[in-house]
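After this come two complexes, each holding chain A, first together with chain B and then together with chain C.
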Partner chain A sequence: MRKGLLLVVLILVVGLALSPCAWAKAKTIKVGINAPITGDIPKVGEGSKYAAEMWLEDIKAAGGLEVGGEKYMVEVIVEDNESKPESAAKAATKLITEDEVLAIVGPQASSQAIPAGEMANNYGTPMISPWSTNPDTTKDRPFVFRGCFLDPFQGPVVANFIKDEFGFQKAAVLYDIASDYPKGLAEVFKEAWEKLNGAGSVVAFESFTTKDADFSSQLTNIINSGAQFLFTPQYYNEVALIVQQAQELGFKGPIVGSDSWGSAETVKLCGEACYGLFFSTHYAAAGATGATKEFIERYEKKYGYTPDDVGALTWDALRIVQTAIESTGKLTGDLEKDRMAVKDALANIKEFDGITGKMTFTPDGDPIKCAVIVRISEKGEFEFYKSACP
Partner chain B sequence: MQLFFQHLINALQWGSFYALIALGYSMVYGILMLFNFAHGDIFMVGAYIGFGVATALAALAAMSALALPNWLILVLTILIAMYLTSFVGMLVERIGYRPLREAPRASAAITGLMIGIILETGNLAILGAQRIRFPSLIKTSVYDIGGVVVTNKKIMIVVVSLVLMLALNEFIRRTRWGMAMRAMAFDYVVIPLMGVPLNTIASLTFALGSALAAAAGILFAVAYPVLDPYIGITYGWKAFVAAILGGRGSVKGACLAGFLLGFIEIFVGAYLSSSLRDLIAYSIILLILVFRPHGFFGEPHSAKLRL
Partner chain C sequence: MVNDKSAVVERANTRFGWFRAYAAGVPLLAWLLGALVAVLLEQTAGDVLAAILGLPKVPVLFGCMIMLKEPTLIPSALIFVALIYGAPILLLGKVLARPGNWVAARLMSWPIAVPVILHLVVLYAIMYFWSDVSLYRMLTLRLTLIAIMLTLSLNLINGYMGEFSCSHPGFMALGAYAASTVMVGLFVNDRLFGEALLPAFLGPFMFPVALVIGGVVAALGALLIAIPSFKTRGDYLAIISLAFLFIVKSMFENLQFLGGARGIKGQPDYADLPTVFCWTVLCIWIINNFVRSTLGKALNAVRDDEMAAEAMTVNTRFTKMVAFLFAAFWAGIAGGLFAHTVRFINPGTFDLKRLAELLAMVYFGGLNSVYGSIVGAVSINLLGEMLRPLALYKWIVIPLLLILVMIYRPTGLVAFKEFNVRKLVQPKRKPEEEV
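After this line comes the complex of A and B, so read on.
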């Protein structure tokens, strides 16, 4: 009995020892995508998946990824995080430990990127979130990077834009207190606005919790506070409800948002109520040139609709990962060492020319790049309105 | 003062949904001593069926010369969806609860949860995870009455809800079927011995409850036109609270408690804290139940009959 057990243990140990060799022989680089395929923001997941498919197509057309004179096949593993924080951490762990990916792209939303980033950092696996703008995602996490600017940057950008454009004094904010992204951005915006207009110039700072559909009590208070405009850094499903209810309650001022509005779904769900509103974001499809235009046209042809910012940022993030892997010079086949090498290469990228703009990385893993103010046109398109650089 | 009235109007609309959904819970609980935990999801199914009917009718109106005005489409949508959803309710009763009628109550409650999950994920499988925008059938007109803002939608929602509640009350009080339901609520062991068919009454109860849930679903979709397969969960729970608060099987109680819940939620959000709204609102309700454990109009039922 005991001998039998010993044999089993022996077989397992040998099997374990051999498995990395098998991995090395196959000469495959695995890249994980941690995306919300189902849940609250499935459109975001779809955009991430499509961008990854296009990227993989390019790699395959080139016959693989070349590192130090050797061609590697690339495999993309898409893991669904159901747009939940705990599932995002689970998906990251699965990609790292079971699928043994070299690097992870995603999750997109901050509420998922923050817990997933912790996993990636603990396991020493490079992760790059294309869309998460909350500072906590990359803070004190050498293995975690992002492909977009931060909330603290978007807050002042929106505040400055409103001040320049309309000259307003009194602001109202409505945000989801249970979600990292809106909460972080709402607070940063408040600080920025009060710096411009003095303390107390945010006359209403109202919140709700995820899944709420009725905002009438908050909006009634906002209207009663005499605010001249409303800033609501929410996701597209809530934007549709908030904008409609605000107008039905008689709010006349502009409603301004952040990059979470920049989904093809916003206009579909919100309809005419959202025409003429502004938000800050990473890129605008209308009026694009060069490589950006090329990407947009390819995406439109393949999937039948204009890619939103998530698609464009995921594309850039994958290209950044590709650049980093290529610049490691050599992959050893030892996953731990290779992950470390990719992380160092990511941190050392000097200037990356992406379709969402040129960027460089700070030591924290955050890029320095410009924001775009978009206006939703009378045709429901996202139109470039102004560019705002730090 | 006008601010107070504005909140009051908001609360009236919000409470209508709770009241309409709570009725379904309360009737089933009253008659079969059963918590139909799938009821919130029947509300969701009703909203989706309404979406299907509205889209089909709008397409039909656009295609043929037969010019259906939009308000008529909405009325037809509500009626057809109520009719269709009542069959969903009867099906749930037939498949999920009837085989378990003699089983412990806990089994039936768990069946309800499972049916709820099946309805949610079934919808997810058929229609996908994308949210759906309910077509805006009536154009919103905003009226400003001395600083209090109302829309035609708000008025319609509250009026239709009240009409349905009154109709149900009349049905239960004045018809033979209603009398049979009331008798069954009194004692579902003895009444069938007197020739009232239990299965028929159970089906009728589920059909009525589901039809009201469907109406609530469509009215909800008119006010909050973004639908997803999980909208039923939270409102289902909260309406369940309203049903308990109203008292077992009491139509009046369920309506009153539904509106009360809406009022508490809106006013806590408006005057105390919008982020702690549910915490404070449901603490208040817990407190009410501590002092009135049988709800507003519920009567303590004899334990020996049920166990």
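After this line comes the complex of A and C, so read on.
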């Protein structure tokens, strides 16, 4: 017993002496990533993490982040929120109080971004959710921003596009009633379409529940309703099933989607059935130019697949944070003051030139930016087709 | 079974023999005072000690996170934990054993409430000072206390009653939505419910009422499922209760005036540490009294053999119904507290994942035991946070632990152990002094 204790003490003392890094304290800026690494949407978490890794590489290559003529080292801390609301709140609180980050990027999904935003706002830490579309995320929260456009903008964009492109009259909508994003967007779209074509022009408004895999009854209703096209704002795994089943059941019209289609997995799962379809999104990977192209090529080279919109939006969010930190002019070292300065700088960003378009924040913390209509090409790539600005 | 158990106990006795010998005769009061000194020490000297040891901050959850993140800091973190927690608790516990015993003995001459309340006050002080160091600790602690309530109430059905109920997240959802609707509807200017109806200063008074309303709604939900389903047993009840969980979830997804899939946000911040602590204590106290009452013993009889219990004049249907509704009531209260801690709920929060988490806590901690529920809830919650730096591997380590527990202690860590408050707070004598 006593010998064991002595050994432990000895090991501790030697270990302590051998840990030189323990004594050095460098000037670093910490940025937190609150992402769903595990849980329902791990691909989203992975995209966010990879974008952050690439961003950190850039900063390291530049020798650090320069603020007011002084170089700071940057540390990115990725925290898993398990795609659960309470875990997102815990992760945000940990990043704020334990890791003492200057700003947080994420969480991505609204059901995590709302509780995490609450913590960030209460404890005065700027937070950008790259992907959350629920208005509640940023509403009345001066410290919380977002990196994407909102449903009330996207719905009309899609409706207008279909009207101009095909001249259709009768629409069908199929959406997941249990999931917050598809449901919100489906409603906004219905409203926009009926505004264009008069009441009753949405001839089928069908819903299902998360993890359903058989849509034949809804699709049969849609086909029988005589709809000319189908709008389905679903995620990649459901898109593949819906498109394939619709075509098997003999639906002839085009199927149109929203930014949730913009994942590399969509084409992988859906295959040729999805070629030639349109959806609205934040950016188009194929045929991109400039910084967007550079980002996509680097990402493809490093991780072996084309980045989806989450990756691109996270990248932009990180760049916005970087710009904001740089434009504070000087970091005092007092975390509270610095966070406040970063928040003010974020709110003042004008015409930020991101890879998903130019953005300026409204007083609510929502960006004003353009949407892109993308066509899935015969090679399965996301081709730029048209852009729509507010 | 009996032989097995005593063998396990014996082995544990020899393994932790030195600790048992050391701890013999130290009353709970002395340990608590030791812990109080430890947390006070951390608050005053923690920063300085952390700086001396080269730690970036005071280790937030007993150094586990720092150790996993930066292995080079393991020695510093261990020394910190040993100096701040280990030494004061072990030494002071021992030193204070004699006065502690004297005080405890004096207190025992009063009604039992006096020593219990005194112990609770010290316990609260420990929690308060411990969580005062960081907001993250505070949030984790609050959620852990709520998890204790949930685990204990589920243990009532799965452990004491011996049925396998899967509807607990559903009860939690009913409670969370009811309490949120009351509080957000009355006191918050909100998109869903419009202007606040009552002035804000009434909020804290209304909060317990809202929680109880949540509990009652959950109990009513339980009544709905209990009437048809108690005609069945075993697997069938599990299936019916699972169906209930799905019904509740899709009900909230489709009720647009409750926010639908978008949920409710902006619950007022009333679920602070004292509130959650009081409700947890109340929950443990009442459930413990319930399971030690005649009704609770009848419940155990129903579990062991329903026919025999019926023959021995136990009204089995009534007993099961009461226990089920009672468990649902506490799940509803816990749901309300959960909603006001996270300050956002959506139907997706109360899904199968939550059920798995609750079941894991119950079976990890131990069936049919209040201690077990506390141990299960605290360890699963703290492990989940402490192993954060492992990222993905966390989900290998925790299930592995569960498997090991299920293999070596099939009924959980501390199963079938009675929670006797009197025994807990009374003075401890050394075995030889006990005659």
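Throughout what follows, the second predicted complex is superposed on the first by the 360 of 390 C-alpha atoms of A that agree within 3 Å, B and C clash if a C-alpha of one lies under 4 Å from a C-alpha of the other, contacts with A are read in each partner's own complex, and residues count from 1 in each chain.
Basically, contacts are C-beta pairs under 8 Å (C-beta built on N, C-alpha and C of every residue); 3 or more make two chains touch, one makes a residue touch a chain.
This structure is a prediction, so every number in the text was calculated from the model and none was measured.
Novice: According to the stated criteria, A:L241 is in contact with first (chain B), second (chain C), both, or neither; which is it?
Specialist: After superposing on A, A:L241 lies in contact with chain B but is clear of chain C.
Novice: For A:T38, using the defined touch cut-off, is the partner it touches chain B, chain C, both, or neither? Pick first, second, both or neither.
Specialist: In the superposed model, A:T38 contacts both chain B and chain C.
Novice: In this superposition, which partner touches a larger number of chain A residues, chain B or chain C?
Specialist: The partner that reaches more residues of chain A in the superposed model: C.
Novice: Pick one for A:A288: touches chain B only (first), chain C only (second), both, or neither.
Specialist: After superposing on A, A:A288 lies clear of both chain B and chain C.
Novice: Could you look at A:G184 and tell me whether it touches chain B, chain C, both or neither (first, second, both, neither)?
Specialist: After superposition on chain A, A:G184 lies in contact with chain C alone.
Novice: Check the residue A:V101 against both partner chains and state whether it touches chain B (first), chain C (second), both, or neither.
Specialist: In the superposition, A:V101 contacts neither chain B nor chain C.
Novice: Counting only touches as set out at the top, which of chain B and chain C does A:K90 meet: first, second, both, neither?
Specialist: second
Novice: Tell me which partner A:A312 touches in the superposition: chain B (first), chain C (second), both or neither.
Specialist: neither
Novice: Just checking: does A:L331 make contact with chain B only, chain C only, both, or neither of them? Give me first, second, both or neither.
Specialist: Touch status of A:L331: no partner.
Novice: After superposition on the shared chain, which partner residues are touched by A:T209: those of chain B (first), chain C (second), both, or neither?
Specialist: After superposition on chain A, A:T209 lies in contact with both partners, chain B and chain C.
Novice: Name the residues of chain A shared by its contacts with chain B and its contacts with chain C.
Specialist: Correct list for chain A: 37-39, 177, 209.
Novice: Give every residue of chain C touching chain A within the complex, in rising order.
Specialist: So the residues of chain C touching chain A come out as 18, 53-57, 60, 65, 70, 72-76, 78-79, 134-136, 139-140, 143, 191, 249-250, 253-254, 260-263, 265-266, 338, 341-349, 353, 385, 388, 391-392, 394-395.
Novice: Quick one: which bits of chain A touch chain B in the complex? Just the residue numbers, please.
Specialist: The contact residues of chain A facing chain B are 37-40, 42-43, 177, 206-209, 211, 213-214, 216-218, 220-221, 224, 237, 240-241, 244, 247-250, 265, 268-269, 271.
Novice: For chain B, which residues are in contact with chain A within the complex?
Specialist: 3, 6-7, 10, 13-14, 124, 128-131, 133, 136, 140, 142, 144, 149, 151, 153-154, 220, 223-226, 228, 230-231, 234, 265-267, 269-270, 274-275, 277-278
Novice: Hey, which residues of chain A end up touching chain C in the complex?
Specialist: The contact residues of chain A facing chain C are 1, 11-16, 18-19, 21-23, 25, 37-39, 78-80, 84-86, 89-90, 93-94, 96-98, 100, 110-111, 114-115, 118-119, 123, 134, 136, 177-180, 183-184, 209.
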